[in-house]
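One chain, chain A, appears in both complexes that follow, with chain B as partner in the first and chain C in the second.
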Partner chain A sequence: MSGKSSSALLWVIAIVIVVLGIVYFSKPAPKAPEEQAQPTAQATIPEGPIVLGAMDPLTGDGAVYGIPLQNATMLAVNEINAAGGIDGHQLQLVWEDSKCNPQDGSSAAQKLIEVDKIKFIVSGDCSGAALAAAALTEPAGVMLFSAAASSPDLSTAGDLVFRSYPSDAMAGDVIASYSIKKLGTKKVSVISEQTDYAQGLRKSFTAAAAEYGAEVVADETFNTGDTDFRTQVLKISTAAPDVLYIVPQTPAAGIQILKQLKENGFKGQLLVSDVMLGSDTIAKNKTLYADIYSPTPELDSTREVTKRFLDNFQAAYGHAPEYPASMAAAYDQIYMLKDAFPVSGVDPLKVRDWLYAVKNWPGALGDTSFDQNGDPIIGYHIKHFVNGETIDLGAYTP
Partner chain B sequence: MQIVLQLIINAIIAGSVYALVASGLTFIYATSRIFHLAHGVVILLGGYVFHYVWVVLGFSPALAAVCAIVVSVATGLIMNELVYETQRKRKAKRMAYLISTIALLMIGNALVLLLFGSSLKAFSVQTEVYRFFDLNITLMQIILIIVSTLLLLTLSFIVKKTKFGKAMRATADNEEVAEVMGIKTRDIRRLSFLVGSLLGAIAGILIGLEFNLDPNMGVYLAIKGFTAMVIGGVGSIGGAIFGAFIVGLFEQIAVWFFGAGWKNSMAFVLLFFFLLLRPQGLFGMRKFK
Partner chain C sequence: MVNFLIHIFTLVAIYGLIAISFNLAMGYTGLVNLGHVGLMGIGAYVSAILTTKFGFSFFPAFVLAGISAAVFGALLALPSRRIKDDYFALLTLGFMFVTSAVFINWTSLTRGTLGVRGIMRPEGFTDPFFFFILVLLVLAVAYIILNQTVSSPFGRVLEAIRDDEQVAESLGKNVERAKITAMALSGFFVGLSGSLLAHFLRLINPGTFWLDPLVLALAAVVIGGLASLRGSLVGVILVFVISESLRFFAIPSSLIGPLRVMIFMAVLVIIVLWRPKGLLGRADLD
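Here is the complex of A and B:
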């Protein structure tokens, strides 16, 4: 390179750096969310439709629950719009596909915040995607309201992060307590996928098991996309636990594990996490669901609002909800916002205060209140699957 | 002891699939001098077409297997004809083949994703489990091992005893001399792509039946096959088969001792050590150039 062109190049680089510097420093510093909270006397909703962002896993393995959750969300939106909207404002949703992974969850949230200028994101997302999204929504002063992400880490992900589905800190505790106190197990084991959701559940399960006096004899993990679990199964079998808790991110991996456990002749009691409870999955694999326990928030169809959700869903889509609990949570989200907007306006901070203040809000999933982390306080039922048939063993509190 | 034996059985199950991949790669490399990483796509297509015709369209598994083999072999031949042979005519350097094979792998992977979707495809085939002295093996796994063994034996018979095998070895030894002696090296290359892709297609079908199908596995299988090839000594089919079992065994050991996170990296670790310490492989005569 000649001296002339190299000095030209240096000049170009210098100019680029200066321009970038000007752009960076001239950007107004983001205001802390608290400063923006100015109490106003009355809530006004701006003219035109209320636009919410929505992100679900719409493709990939996660789509088995993403699409049902999207249907439940849209059921609530269509009902509200058909009844005249919120104070005359129609609800509009901008959908993004988060694909059940942090990278796509992050891009989905970024697009909704930066391009669509959205203030509220409802999501039926995997924990990994929701956690990644929360890292962007919280500093931007955007509310993230999740109906499916259940990782305990989401509790502390931000003040504007809420969920209508309970945290796994609860689920792990419930199933550990049930298997130790009711089934009398002393040696527990767990196999979990390397994802935020599954690891959250794994941690809460092992911590609770240790607390209730059981020994964790095997704690195996696997990677997303793995299909050969033989060595893990062998290792778990060798440790001879009384019970094995299976925590995959999607049903496909879980089914493969059940299959390989059966081939191995594993004798312990099996427990599964709630992604394994899809009615489709169970119907297709009856022989694998020979004797399995799982905790899940339960719908009480004698409640008026729950019955309305179940009936309307059946009428709209021609079948019962595949994942009743989290789909009811997705349905509830939209109705909660519907109740919040006329009081607090389309303002994330005021909606936050409204949500914290709400007590026993009547939802399809149950009477909902929120704790200081924005997690709902809802009870669990234990389900027992015997040869593909589901038996509800009733509510259980550790 | 039982655990060790069960681990070895698990390694043999995984290893026999890798062996099919590695021997196909070796076969192709021997005549064309191409590290045909896009072989991963051929394997993927084998599994996915088999699944599509059998499970989605509902035809018989035998017809599905035939369709899978036809599509895979055609893909392998088309890749050779359109890309590699065209480059050969232009006297391309080795690096050019390597780049185009990586490109083919990526394009093929994306096409499989586009056509069949990203979700895991399962066959839900449950076969009987046999237990010998507390060791477990299913009928499917026994079939898998037998099919691979038979294929590999047939392959070594072809290489050692047939005229095509001789021509192939001559081409592998010195392409120009073989050409002078009247061997149509171009046809030999075509035949080796045909045989290699056939092995790949069968590997894809067996993998689908035994382990389910995941669109990312094409890349991993190509890398594992390549590693097996390097371990055994590039160009030696027996070596590639042995290398495949080494890869299978080390993966099981990694999962047992260090956890599943290390499983897929084992192939890279082995590849790294062999390239560094013994680039000619365990049985390789020729220097790895």
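Here is the complex of A and C:
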């Protein structure tokens, strides 16, 4: 039996490969994406719904971010469809689970491109999956529009790769510049978690600090799940920096660090990254937020569109957005495409040109323009926390 | 569609390589090496770093990836004399955590969580179809070598060790050397699979070599059956057919992630209940 079924298996595999090869090579060679979009007088959207691909980490560790981002994306889609769609075309999303790793990210993207013939993929977070997907979307002429994948690597991942949340490179630059130029610090230090988001911030912060003439006297890291930071805190205290920038992946680790710094009697000025700015987190730890600065994309709830996002989210899901800034970015990306399609049609190259041309597009996250890498230029605000009270020090550009 | 199929078939072939090398250690020798994916990560990182940072071309880096994973596989076999069964499984799982910590923390070499980018497909195999053929050729050669190994007298020594180590030893077999050889060979081929995966995805990060591929490979080997190379290939094909076909069912977007995983796992449980020894399995692990 073994010999027979073995050769049967071999025959099946051989036949599959031959058929696959014939089909593959009998296709006309894929046209290389044209560099320039052809100008046409009138953009047309084909009949029927507009189908977009969407991928987020929906299971596994990344789902803590993926599912809230999916909710924000779907909120925008449902609002647009309820209001009659885009020029009468309903918006449909085909979802795939990127599981926050390169392998599933690339399989998901390949399926959306090849099987669903999709021209636009929106994705929430997770730089690893997005970068692996970009290796497939770019040659296929498909636009990859990410909300909150914040790795600086994504800036150079391709011409059709955009994102609506600023790159880590920008936040690190803003806070380094602010602490050195405005707070007058000379010796800076940083403690960061070993995740792509936090490491991106750490890199851009230390590079910017060096550029502005400050000395990086301590650069400590910790692993996800660590709860004891006394070694790092001691090393940082010994280096006696003027300022310490705390970059965790989740608020829990950051709060532990703040507690242990307080126990240690750390004297320097504290800066935190934007994951530490959840209103719940601050309310529960008022004494820890005694004197802290942080940069954050302006999520100004007095703006009409921001208020609409926050209120509608509350109404739809029964709670406030978990990560307001990055979820606003996910919400904005759908509305950006909504504004782009009637002008550019469902054509990635024309939408690309539209996005590059757009200036101060009014989104929930802020007024958005794009740089030459497809990264948004969004004003950062500096927030100052004094005994748990938030003081907005206004917009700041390095 | 055809490109998607080639993409999935390439992954199937890479996982086939992972599974048959896994089965050599687990199914034939009785060494439940849960650090298998750690060895694969070593191969992937060696190949990715050599080609992107040190200007190696693909094939030397590919071979070195196999050799370095083989060395670590042999080292992992050393404590197996005193640490057996479940304890060996725990030890090797620990090894996987260590490799992951190294990938994350040795940032000057691995770029940490940002991962290694810009890994190129080998020259002449940049086209997805040709790359698939390359992977398939590697799998075929590995299959032939492993098949020769397990049906040779040495293979029977391995199976004797799995069934009763003391008996094998009392028959004058050098148990320790056989285990080290088996683990090195298993490590070599999984190292090659890591290299292929890195050049296939063109980006690797520590998350690529975490629990997901381990669960997939373990499921494929158990479903296909222990001590059957053919079974492992069938297991891999089955696992991919189930998980990929779930992409084509209409599931509401709010449930799509969790529901797919639940259906996938439920099907695996049913198969194992139906065929406890796996589809083509010949052995049991106590």
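Heads up, the rule we're going with is that the second predicted complex is superposed on the first by the 265 of 398 C-alpha atoms of A that agree within 3 Å, B and C clash if a C-alpha of one lies under 4 Å from a C-alpha of the other, contacts with A are read in each partner's own complex, and residues count from 1 in each chain.
Please note the rule applied: a residue touches a chain if its C-beta (ideal position, glycine included) is under 8 Å from a C-beta of that chain, and two chains touch if they have at least 3 such contacts.
This structure is a prediction, so every number in the text was calculated from the model and none was measured.
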item: First (chain B), second (chain C), both or neither touched by A:131; value: second
item: Chain B versus chain C as contact partner of A:146, first or second or both or neither; value: neither
item: Touching partner for A:192 - first (chain B), second (chain C), both, neither; value: neither
item: Touching partner for A:59 - first (chain B), second (chain C), both, neither; value: both
item: Contacts of A:93 with chain B and chain C, given as first, second, both or neither; value: second
item: Which of chain B and chain C A:269 touches, first, second, both or neither; value: neither
item: Contacts of A:221 with chain B and chain C, given as first, second, both or neither; value: both
item: Most chain A residues touched (candidates chain B, chain C); value: C
item: Chain B versus chain C as contact partner of A:255, first or second or both or neither; value: first
item: Chain A positions touched by chain B in one structure and by chain C in the second; value: 59-60, 63, 194, 221, 223
item: Chain B residues within the chain A interface of the complex; value: 3, 6-7, 10, 13-14, 117-120, 122, 124, 126, 129, 131, 136, 138, 211-212, 214, 216-217, 252, 255-256, 259-261, 263-264
item: Residues on chain A engaged by chain B in the complex (per definition of touch); value: 59-61, 63-64, 194, 220-223, 225-228, 230-232, 234-235, 238, 250, 252-253, 255-256, 259, 262-265, 284-285, 287
item: Interfacial residue positions of chain A with respect to chain C in the complex; value: 2, 5-6, 9, 16-17, 20-21, 23-25, 27, 54, 57-60, 63, 66-67, 70-71, 74, 93, 95-97, 99-104, 106-107, 110-111, 113-115, 127-128, 131-132, 135, 151, 153, 194-196, 199-200, 221, 223
item: Residue ranges of chain C touching chain A (in the complex, touch as defined); value: 1-9, 11, 101, 104-105, 107, 112-115, 117, 129, 133, 136, 197, 201-205, 207-208, 210, 212-213, 230, 233-234, 244, 247, 253-254, 256-258, 260-261
